[in-house]
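Same chain, two partners: chain A is paired with chain B first, then with chain C.
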Partner chain A sequence: MTHVELAGLKKSYDGKKNVIEQVDLKLEQGEFFVLVGPSGCGKSTILRMIAGLEPITDGSLFVNGTRMNHAPPNKRNLSMVFQNYALYPHLNVEQNIMFGLHTKKISREEQQHRCAEAAEMLGLADYLKRKPRELSGGQRQRVALARAIVTQSPLCLMDEPLSNLDAKLRARMRSEIRQIQRKLGITMIYVTHDQTEAMTMADRMMILHEGQAMQIGKPLEIYNHPANAFTATFIGSPAMNVMDAKINPAGIHLSPQCTLPNPMKSSNKEASKQILFGIRPEHILFSAPEQADAVVEVVNTEILGTETLITFIMDDPKKQWIARWNGQWQFSVGDQIPIRFDMDSIHLFSKDKGRLLWTSNEDEPNQTAREVLR
Partner chain B sequence: MTSTKRISLYAVLIICTAVMMFPIFYAFSISFMDGEEVLDGQLLPSSFSLTNYAEVFEKVPLLTYLINSFATSAIVMIGQLLVSSLAAFAFVFMKFKGRDFVFFLFISTMMIPWEATMVPNFMTVQSLGWTNNYVGLTIPFFALAFGTFLLRQHFKTIPKELYEASQVAGISRFRFFWNVILPVSRSSLVTLGIYSFLTNWNMYLWPLLVTNTESARTVQIGLKQLQTQEIASDWGVVMAGVVIVILPTLILLFAGQKKLQKGLTQGALK
Partner chain C sequence: MNAARELQSVPAEEQQPSKSRFAFLEGWLYLLPSIVLFGVFVFYPMFRTIYLSFFLADQIGPFEFAGLENYHYILSSDSFQSSIKATVLFVLFTVPATIILALFLALLTSEKIMGIGIFRTFFSSTMGMSVAASSVIWMFMYNPSIGVFSKVAEWLGLPVIQWLQNPDYALLAVSLSTIWMSTGFAYLIILGGLQNIDPHLYENARVAGVSYFYQLRRITLPMLSPTLFFIVTVSFINAFQTFGQIDILTKGGPVESTNVIVYSIYKDAFINNDVGSASAQAVILFFCVLALTVLQFKLGERKVHYQ
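And now, the complex of A and B:
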C-alpha cells in the first residue's frame, strides 16, 4: 500500500530558480527509503517539505492518499529525528522522551508505559533522570530516537541522524535503527550524504544531485546499473573509474596504447566521438602479459588486508585509475603491470550529460533505472 | 604572572576600590554619627547608635516610599520581562514580512533620549488619569527596546531544531515559549530582571512628575525630601536614609553579579 507519495514536488526560494526539480516518488508502507546525495543537493529540503517545516512550492504531497501540502507538521502524523538531535537541554531524558505526548491525548500511565518501553528497547533505562549534557553522543542519539518511537507515528523522518557520531558507533546505530524500523514496521525516510549508510540501510533509495532525482531503486540495482555517470561515481567506494575516451566503430580508445573493442555494434556508425568510459575498480583485473589490454604504471598501493587498492595511470598522469584486487599485492611505485578490463562490466556514458549509453550487464537495466533517464 | 606584576595589579585595584567605595563607606559611617561629629569631620563614629535610622522613619514616610519603590520596580521588572521576551520570541521564531525592518525600527528607539518622550508620555498618563498610582509609574516602561534586543540575541543562539521538533510534536507556540524558551534562557532573563529592577529603583524624574502625594511617591524622591526639608543640617539622618535606599541595590548586585556579567557578555563571546 502506498503510504507517502510525492507528485511533481518542486521547491523554489526566490520564485525563479528551483532548488528541487520535479521529484516523483511513491513509498510503500513499512519501507526504509534513503535520500542520498552530496551536501547541498536538496535532500534535507525534501524531507522538510514532507515534514511541513518548509512550504511546498509546486506539486503535491499525499499521505495515505490525502493531500497534505498545507497541513501543519503535527497533523501529518509523523515523527522526526534531527541531525543535532534537538533535545531540550533543561529537561531530563524521561521528560524529553515524553515531551509533547500530551498533545496526542495520551493518558499519563500510557505515556509512562511507552517511555519505559522505548527506553528499554534503546538501553536508556538507567539514564532516564539525566540531562542531555550528561550523556554521550550515542546516548543523545538514542534519546532522539526514543522520542520518535514513543509517538508511534507510522512515518518517521530522519535527517542525517548519525553524522555526529564516530565511525564505530555509527556502524552500530545503523543496524539498530534498521532493526527497530523493521520491528515496528514504520515507514522511514532517511537522509544522508554517506553512500555507505544508504547502501547498507535502504530498501530503496533516491540519489539526488543539484535538486534533481538522478536515480531511484534498490541499492544493488543502482550499484550494478547506474543510470548516469553521477550515480556511477557517487555510489561505491572507491568510486567507479569514469574516464574520457574516444569511440569509433573500430573500438574505444582509452590511450594511444590502449584500445578496447567497441561493444555498441549497430549504433554510432559515424566517425569518432567523445564519451565517458566507466568501470568499477573490482572489474579491472590483473592479467597475463599476452592477454593484457594495457600495461600501466603503479602510482600507489593501499593494502587493506583482505584486498588491495592499486592506483595506476596509463599515459596521462592526471587520470588516475583505481583497481581493487582480492588478497595482498605488493607493488612498488613505478612498477609496470599488465591489466585487463572485464568487458562484461563496462559502462559507457555520454560526454555532455553523463547519460548511460551502453552497458553490457546481462540482465536488462531495470525499470526504475530507466524511468529517470527521461 | 610574576609576583611583582601581581602586587602592582592588586595595588591598583585596591586604590580604585578605595576611591570608588569611599563615598559609600563615608555615608555608612555618617549614618551613625550625631550632628556634632559630622561637623568635626570625623571619619568614624564614636559609637554605633541607631537613632538616626529611627529618626529617618519618623521624619519622612520612608516605609511607604520603600514599599512603593519595591512594588513599582517589581511590577516593571515582570512587565518588561514578559513584553521583551514575547517580542524577542516573535522576532526570532516567527516569520513575517518586514521582520528585520520592524526590529531595526524597534531598536532605533534606543537612540531617542528618554527625556524627549517624557512630556508626551506625561500628557498621556495625565489624560488617562493615571497620576498618583502604580499604573502611571509602571506601564510606560513595559516595552523596552534594550531588553528585546538582549533577549533576541540569546534566543538566536537556541537551535532552530528545538522549535521544529516541537512543531512536529504538535506543541503550541505559546507552550514552546513558556516551557522551552524561557527555561533555556534563564541567565539572560535574570540579567534583564536585575537590570530593569535597579533602573526603576533608581528612577527619579518620572516618579517626581506623575506623583504628588506621599502615599504614591518612591524612595528616590524621599531622599530628596530629606535633603530639602529643614532637617537638612542633620546629615546623619539623611545618610541613614541613603544607606537604607541603596541596600537593595547592593544586595541584588552581589547576588546577581555572576549572572549579570554572563548575560551581558553572552552574545559577545559566542
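And now, the complex of A and C:
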C-alpha cells in the first residue's frame, strides 16, 4: 500500500530558480527509504517539505492518498528526529520524551506507559530524571529516537540523525534504528550524506544531486547498475574509477599503451569520441604479464587486513586509479604491476552529462555466479 | 635513576623564581590600566563616600567626626522615608512594565518577515536617545497647555490633568517616560536572547502540535531565562539609580512625591550642602542594591536554565 507519495514536488526560494526539481516518489507502508546526496543537494529540504516545516512550491504530497500540501505539521501524523536532536535542555529525559503528547489526547497513565516502554527499548530507563547535558551524545540520540517512538506515528522522518556520533557508535545506532523500524513497522524517510548509511540501512534509496533525483532503487541495484557517472562515483567506497577515455570502433583508449576492445558492437561509426570509462576498484584485477591490459605504476598501497587498496597511475600522474584486491599485497611505491580490467563490469558514460551509454547487460544470477567463481 | 632526577630538578628550581617573578609583574602590568581606572573612578569615590558618611561634612570636606549620627538622622527623618517610598514605587512601576513590554515587542518581532528590520529599529530606537533629550520631549508632552496629553484629553472631553504638578500623578508620569526610555535597551537584549534559541526546538514543537502559549511557557521562557535574569537585574539597578529624568521633569517635587533616593542624595550634597548626610544615603542605597542583587542571584539561579 502506498503510504507517502510525492508527485512533481518542486521547491524554489526566490521564485526563479528551483532548488528541488520535479521529485516523483512513492513510498510503501513500512518501507525504509533513504534520501542520500552530498551536502546542499536538497535532501533536507524535501524532508522538511514532507514534514510541513517548509512550504511546497509546486507539485503534490499525498499521505495515505490524501493531499497534504497545506496541512500543518501536527496534522500529518508523523514524527521527526533532528540532526542536533532538538532536545529541550531545561527538561529532563522523561519530560523530553513526553513533550507534546498531551496534544494527542492521551491519558497521563498512557503517556507514562509509552515513555517507560520506549525508554526500556532504548536502554534509557536509568536516565529518565537526567537533563540532556548530563547525557553522552549517543544517549541524547536515543532520547530523540524515543521521542519519535512514543508518538506512535506511522511515519518517521530522520534528518541526518547519526552525523554527530563517532564512527563506532554510528555503526551500532545504524543497526539499532533499523531494528526498531522493522519491529514497529513504521515507514521511515531517512536523510543522510553518508553513502554507507544509505547502503546498509535502505530498503530503497534516492540519490540526489543539485535538487535532481539521479536514481531511485534498491541499494545493490544502484551499486551494480548506476544510471549515471554521478551515482557511480557517489555510491561505493572507495568510489568507482571514472576516467576520460577515447572510443572508436577499434577500441577504448585509456592511455597510449592501454587499449581495451570496444564492447559497443553496433555503435555509431563516428571516428572517435570522448567518453567516461568507469570501473569499480574490485573489478581491476591482478594479471599474469601476458594477459595484462596494462602495466601500471603503484603510487600508494593501503593494507586494510582483509583487503588491500592499491592506488596506481597509467601515464598521466594526475589520473589516479584505485584497485581493491583481497588479501594483503605488499607493493612499494614505483613498482610496475600488470593489471587486467574485468570487461563484464565496465561502465561507459557520456562525457557531457555523465549518462550511462553502455554496461554489460548481465542479469543478477550470472553476476553472483561470477563473483563466486572468482 | 632517582639521583639523576634530583640532580636535574635543582637548576630548574633555581630558574623558576626569577621567571615567575617576571610573569607576576607582567600580569600586573596587563591589569594596570583597569586597576587605575577603577581605582580613580570607582574605588576611591566609594571609600571616600563611606568615610564621609561618618563625618559632618560640606562640599569642601569633613569638619567633624560624627560617628553614626548621619545614619541615625536620616533613618529617622520623614523626608528620607518618603524618598525610600518614592524609590520603591518607582522601581515597581517601571521594571516589570518595561520588561513585559519589551518581551511582548520582542516576541512580535522575532519572526523572520519582510520589513521586520524597520520595526526592530523603531522598537530599539529609544536606546539611542539621551535621557536629557527624551525627558525634554516628555516634558512638552506633559505640558498642560500645549502637550499632546492635554490635547487628547480635551478632545475626548476629559478633565485636563497637571501631570507633573500634581503629587498624585507626578511619579506615575515620570515612570511612564522612564518605561519609554528603557524599553529600547531591554527589547534589544531580549530580542537577542530570542534569536539565540535553537529554531529546531520550535520545529519539534510544531511537529508535536503544541499551542502557542504552551510553547511560550515550556520553551521560550525557560530558554530565555538567562537573558531575562540579566535584564531584570540590570533594570533594577538602573531604576534605583534614576536621576536625569527626575532632575529635568520634576526636580523631586511636587511635595517630594518624586524625590527618589539618588535625587535626594544630589539635593543634600549640592543644594543643602550636607555632604555627610548625602554620603550616608549613598551608602545605604549601595547596600540595598547589593542585597537585592545577591537575593536575585540566590533566588534566580534556581529558576534559570543555562545551556
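The criterion applied here is as follows: the second predicted complex is superposed on the first by the 362 of 374 C-alpha atoms of A that agree within 3 Å, B and C clash if a C-alpha of one lies under 4 Å from a C-alpha of the other, contacts with A are read in each partner's own complex, and residues count from 1 in each chain.
Quick note on the criterion: a contact is a pair of C-beta atoms (placed from the backbone, for glycine too) under 8 Å apart; a residue touches a chain by one contact, two chains touch by 3 or more.
Quick caveat, the model's predicted, so the values are computed rather than measured.
Chemist: With everything superposed onto chain A, say whether chain B and chain C fit together or clash.
Modeler: After superposition on chain A, chain B vs chain C: clash.
Chemist: What is the contact status of A:Phe82 with respect to chain B (first) and chain C (second): first, second, both, or neither?
Modeler: both
Chemist: Now for A:Arg133: first (chain B), second (chain C), both, or neither, which partner does it touch?
Modeler: second
Chemist: Please work out whether A:Leu53 is in contact with chain B alone, chain C alone, both, or neither, and reply first, second, both or neither.
Modeler: both
Chemist: Which positions of chain A sit in both the chain B and the chain C interface?
Modeler: 51-53, 72-75, 78-80, 82, 84, 86, 88-90, 99-101, 103-104, 147, 151.
Chemist: Can you list the chain B residues touching chain A in their complex?
Modeler: 159, 161-162, 164-171, 180, 183-184
Chemist: Quick one: in the complex, what on chain A touches chain C?
Modeler: 51-53, 72-75, 78-80, 82, 84, 86, 88-91, 99-104, 133, 147, 151
Chemist: Considering only the defined contacts, which chain A positions touch chain B in the complex?
Modeler: Its residues touching chain B are 51-53, 72-75, 78-80, 82-86, 88-90, 99-101, 103-104, 147, 151.
Chemist: Within their complex, state which residues of chain C touch chain A.
Modeler: Per the touch definition, chain C meets chain A at residues 198, 200-201, 203-211, 218-219, 222-223, 225, 305, 307.
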